[in-house]
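Below you'll find the structure I mean.
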Amino acid sequence: MSLRAPVAPKVQDWPPETHELGRFKRARRAYGFDEVALVPGGVTINPADVDISTNLGTLRLPIPILAAAMDGVVNVPFAIAMGRLGGLAVLNLDGLQTRYDDPDRVLAEIAATPADRINGRLQAVYQAPVQERLIDERIRAVKREGVLVAVSTVPAFAARRARLAQEAGADCLVVQGTVLTARHHSRSYEQLSFERLTADLAIPVVAGNCVEFNAALELMRTGIAGILVGVGPGAACTTRGVLGVGVPQVTATSDVAAAREVYLEESGRRVAVITDGGMRVGGDVCKAFAAGADAVMIGSIFAGAHEAAGQGFHWGMATPDASLPRGTRIEVRRRAGLKEILVGPATVDDGSQNLVGALRASMGVCGARTLREFQETEMVIAPAIQNEGKLDQQAQRVGMGR
Amino acid sequence: MSLRAPVAPKVQDWPPETHELGRFKRARRAYGFDEVALVPGGVTINPADVDISTNLGTLRLPIPILAAAMDGVVNVPFAIAMGRLGGLAVLNLDGLQTRYDDPDRVLAEIAATPADRINGRLQAVYQAPVQERLIDERIRAVKREGVLVAVSTVPAFAARRARLAQEAGADCLVVQGTVLTARHHSRSYEQLSFERLTADLAIPVVAGNCVEFNAALELMRTGIAGILVGVGPGAACTTRGVLGVGVPQVTATSDVAAAREVYLEESGRRVAVITDGGMRVGGDVCKAFAAGADAVMIGSIFAGAHEAAGQGFHWGMATPDASLPRGTRIEVRRRAGLKEILVGPATVDDGSQNLVGALRASMGVCGARTLREFQETEMVIAPAIQNEGKLDQQAQRVGMGR
Amino acid sequence: MSLRAPVAPKVQDWPPETHELGRFKRARRAYGFDEVALVPGGVTINPADVDISTNLGTLRLPIPILAAAMDGVVNVPFAIAMGRLGGLAVLNLDGLQTRYDDPDRVLAEIAATPADRINGRLQAVYQAPVQERLIDERIRAVKREGVLVAVSTVPAFAARRARLAQEAGADCLVVQGTVLTARHHSRSYEQLSFERLTADLAIPVVAGNCVEFNAALELMRTGIAGILVGVGPGAACTTRGVLGVGVPQVTATSDVAAAREVYLEESGRRVAVITDGGMRVGGDVCKAFAAGADAVMIGSIFAGAHEAAGQGFHWGMATPDASLPRGTRIEVRRRAGLKEILVGPATVDDGSQNLVGALRASMGVCGARTLREFQETEMVIAPAIQNEGKLDQQAQRVGMGR
Amino acid sequence: MSLRAPVAPKVQDWPPETHELGRFKRARRAYGFDEVALVPGGVTINPADVDISTNLGTLRLPIPILAAAMDGVVNVPFAIAMGRLGGLAVLNLDGLQTRYDDPDRVLAEIAATPADRINGRLQAVYQAPVQERLIDERIRAVKREGVLVAVSTVPAFAARRARLAQEAGADCLVVQGTVLTARHHSRSYEQLSFERLTADLAIPVVAGNCVEFNAALELMRTGIAGILVGVGPGAACTTRGVLGVGVPQVTATSDVAAAREVYLEESGRRVAVITDGGMRVGGDVCKAFAAGADAVMIGSIFAGAHEAAGQGFHWGMATPDASLPRGTRIEVRRRAGLKEILVGPATVDDGSQNLVGALRASMGVCGARTLREFQETEMVIAPAIQNEGKLDQQAQRVGMGR
């Protein structure tokens, strides 16, 4: 007799469950990381025995974690350090690294600017033009160390930069806008063709961001290797405040994962679903995988690394936007080395260190040998709104040997 | 294959979804702005290409935003500034502007009164009688500048003031009470006939406030051009605390929008649904439209404009109520010019500036070319109760060019 | 065409809606005041024209509000003041008023005791025995002023005190325990027979507290005139913390109201449902009636009256419990006269004053002419967890004339 | 006519109720203590007349409360005191008591270590090896006093220590890991066989922790006498933050209780369900029983006893983990004697004292004569998120005699 919940991954039947917002509108309920938890399985596995590697097109990543293309996070030394540890950093081709010969000086200036003048300062420093020479130089500097590196570009310059990046040796091209679709309409400029882009390039293309099943499916059909999931994932994030737009990450990841399954069935090709943003602790990373992700992209946690470019600060790429800024400079403080954060050992208990160890331990207690099995882990809806800050004996017994 | 949620606007079948409050009572679940978010579409549009204009009876408004008839917000100069930018201000005919020859002196007094004596002060200054001469004068002062202006009146004096206002050149008459229905009963005074009022006037009549489908439908059938939606919309608002009455704005807007559709079908005439109150940021404005609004009316955000009448303070029109005050003077501080607030560019990232830019950007990422299309945007229920104040990289990438 | 929600009062069919807590247990969802709001009706009524009177057995109460039998609230002068205003105070026959010739001295002592010694002090002062002579004296002192007064007793002494109280002129006897049922089992003492008690007395008997349909129905069948609803109603209340027991008041009131309807049908007799506890503002009082109450009993709000016995402090009757204290002394401060609190005019906007005015205004906007009609008002589930402390223009416009 | 909710315990039919997290995944809703409350019954019972005893295999426990095997709680004197009061302490065989001849010295050192160096200090003191001599000594020291005592071991050393413990006179063996299943896989060490362990031992074996129906059923089939329920039960606990894993305790207890019922039917043997962790007050303890528990295991509340080993501090057993610490030292302060905490009388009203009195009173108002009847008590879903810190008269009236 089994009463196991029928939660194993499958694409839900149409129509989805909706609730009446009012007489004029219905809506689905969407869930964020804080509202769910993983259920330990009927089998447990020694964390040392689980396999956390993932594929991104032709690339095999030993660690399924990408560092986000944020100017406060990734520069050349960070990308090298990340690659050596087995992760993949994404270098922003539209940021300070490719606008300035000496970006560290500009970053130091940003770090030193008082809070009340930071918006103006950021707007000013991003006026400098991107230099193609620097694109080439930065990529080659990382590749000289023999590690994998990805680069990101806004859609507007994707076609032109793709070639430059591939020639310089980049292993992956990320085309990223807040919300990216296969169909963008504008009367004043031409739309990027992802079909042409993926056909022209030998390296895998990742596109995003995306949160919706149909939009994801259309993007997958253009030939991309990976898709970034996440629009306004933090529940109190600026995008949601300013534009009202956003889907919490558990639902967004699960919806795009369903598109992956549908596309896999129709094409035989598996596109990597990369949850991007909203993960503040290792437990959130684990939940992203259990919700359906093949990899995750992390910004804020890495911004606190000693190696991060921002010298203890970070900011989003829309912060310097001239007419509708969405984000400001945040002080994260340098709290640990990248190695401690990524592969440990952790010296703190708040989930901000040893993300790989947490992923392995979580897969172990959930009985998942691989990430694909982890995607089948049962989750429960269990809002984290009570007893904040309370600890009890149970909470602290994880990881005792057996 | 499509798994798109069936959320496109249509009037929901009877009966609505209800939950058991107890054995004696059932209730619908109602939703506020903080509980929902918009889902980006499968198509995106260049924000410069979207059309945000709306109709209010015979008036065509280039910007679908009204400034509320609050004494701390609208006076003659504010109305002129608002009109020049393309918006529509509503001048309160029962307020200080029509009671005093020199209202600025009274407003300065209010601003200077210490908090512990403000209620008495407000009760006192509202004892002065409204002067019809000033009604005429104020309206003409705005119209001399060639911009549109609306005026508001309580129901008790609506019939008399309607004629005065129209003669003075007002473009729109707003008849507003906390809760307004087509059927009001009193043993001590006569009920206003909206049928007669709308028949007698050439200018469009807006009535409110209203939150319920049937009450809205009855009001629409009296011939009004627009309807104000909102009773106690803020979740912690005074109306709800004092009277227990209130419906969160997403549900209220959606219910009244359904009444609009039903009335449109029966009459061929489209009444403008105007969400009034409860919007604290641009994202809330976007959600109001997506929930079904044709326009929005805003008070608090505008009260923080340098041009606002209240000199950094505002208060509701029930604040001076002699037996049951509901509201007090609030200090909002003068934080930006009306132009920055309404059409930008924004210099802050908190959603309080460039409302038009936010609306355009939101429509763009949701793939809506017009406000009517925007009313069909998918929403999700996604409570904003976690991670308050947390920002992440995703949140800040909106608006990057593509 | 009508899309009105089918929320009109009727006893819900069996079985009620339940959710799976786990494989072993299901549970209903229960609602508190903060989770619901009233929906304005399609008709509005001049507040001056609504009728708020209620019946309690043979008593006709012009104001449907009782003052709770708490030692920090009701003494002889308070009871007189309450009665003169049209309300009904309940004098506690097991409290300080009947243990001491000069209770004011003891109350002053309690008020002066430092917080860290208050529990011991309370335990000590409640050691003095109740004196039957004082029971008689206190009741007669109130009745000399010609106003109605009720008295309360614990079940253990109900039979004996009932006679004393009736002889002294009390108008109503309240038999009150935390949880009271028609069937109590004990090996060490005899169970009170409510049938005998109600048969023996000429004055109406009120019993409680109760939250459950069946328990209420059984109590009603014993012949009582009123029933008190409420066990652990405050969401963070001590009963719920200490015993885990409690049902939020909207659901409890609605369940007991359903029992009233069932009993009314079977007997032709209407038992007054009195919501007791958990109401912090006028809006909560309005919601209690809309949930099904015929009257409400209030403690904390009245404890802040200048006339309250506790001199700015109050405490529950289980606070001095010797083995399991549940509650402590709370400082409420004397904030207004009883007249302002009960019938206004209010000088503050927080819902703590002019409860009668608030009830009238709420009934007016909901289109209810009588309390029975008000029990049919539509409610919505609308959690008050967002935007705490935010006010907006809409919130303050209630009560403007029309 | 009865409208009683159909909540009496029975194993729910398959499939359970689930909600769509996204197109790829469904999930059940899980509930914690703060989200539920007990409903008083139609019968009440004198608390003195209820029976709270429980069975754990062949052991009869007069009080169904265990003290958790935490180094900050249980040492020899604590175990003796607990046993004398009728409870059962669990002595940790992998902790400081069996690593040091003079553990009090080490505990004093831990208590004196500044917060910023505590993690390193804890890691250091747990490097000392466990000495089998001390295992024997500690157990015999408790047994000399003639009280019951249980001991706990990690799975890795369970087989070896089981024999030692039984020989020394331990009454019960607890085998405890964060998540424990009947099937653990590892390439580097051999899996513990619970079948062999339970067959080899005369004393009852308790195993855990567990939260899932099927995993619990498999463990029960190995012959264990009791099962510990709880993984990451506190909503903000470290396990959930670090690993994303955890199921709130009401649902976990109810699921495992269902497994008990299924196993009881198939085997005729009743395994004791022991809720472990997450209970902060007496009300939570009551809820655990009502959710289906036969006993509870408590750590934090006991850590505040004068007799607790930790001298006012406690920490979880994963706190000293070398690569992924989950928990830190918490100062609980010594607030009361063990007797006050366990059997009262209480001198505070916050639910932290007189757990037995609270359990008896709660069973009394719910009309439950035994723990088995208490498991049938109706519960409601009633989130405790409003009005935090508010008290009202109702809350404090519990326990008044009748």
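Each chain carries a letter (A, B, C and D) given by its place in the written order, and its residues are counted from 1.
By our rule, contacts are C-beta pairs under 8 Å (C-beta built on N, C-alpha and C of every residue); 3 or more make two chains touch, one makes a residue touch a chain.
Because the structure is a prediction, the values reported are computed rather than measured.
Touching chain A and chain B at once is no chain at all. Counting the residue numbers used at the interface between chain C and chain D, under half appear in both copies, so the two copies meet with largely different residues. Centroids built from CA atoms put chain D at 54 Å from chain B. One inter-chain figure worth recording: chain B and chain C are separated by 38 Å, centre to centre, where each centre is the mean of the chain's CA atoms.
Counting only residues that touch two or more partner chains, chain A has 3, 11-12, 16, 23, 28-31, 33, 213, 251, 258, 384-385. Which chains touch which is summed up as A-B, A-D, B-C, C-D.
Partner chain D is touched in their complex by these residues of chain A: 1-7, 9-12, 16-17, 28-31, 33, 36-46, 48-49, 213, 250-255, 257-259, 261, 281-287, 290-292, 344-351, 354, 357-358, 361-362, 365-367, 375, 378-402. Listed in rising order, the residues of chain A touching chain B in the complex are 11-12, 14-16, 18-35, 68, 70, 73, 94, 119, 154-156, 176-189, 192, 209-215, 218, 230-248, 251, 258, 262, 276-280, 299-300, 314-319, 321-328, 330, 384-385.
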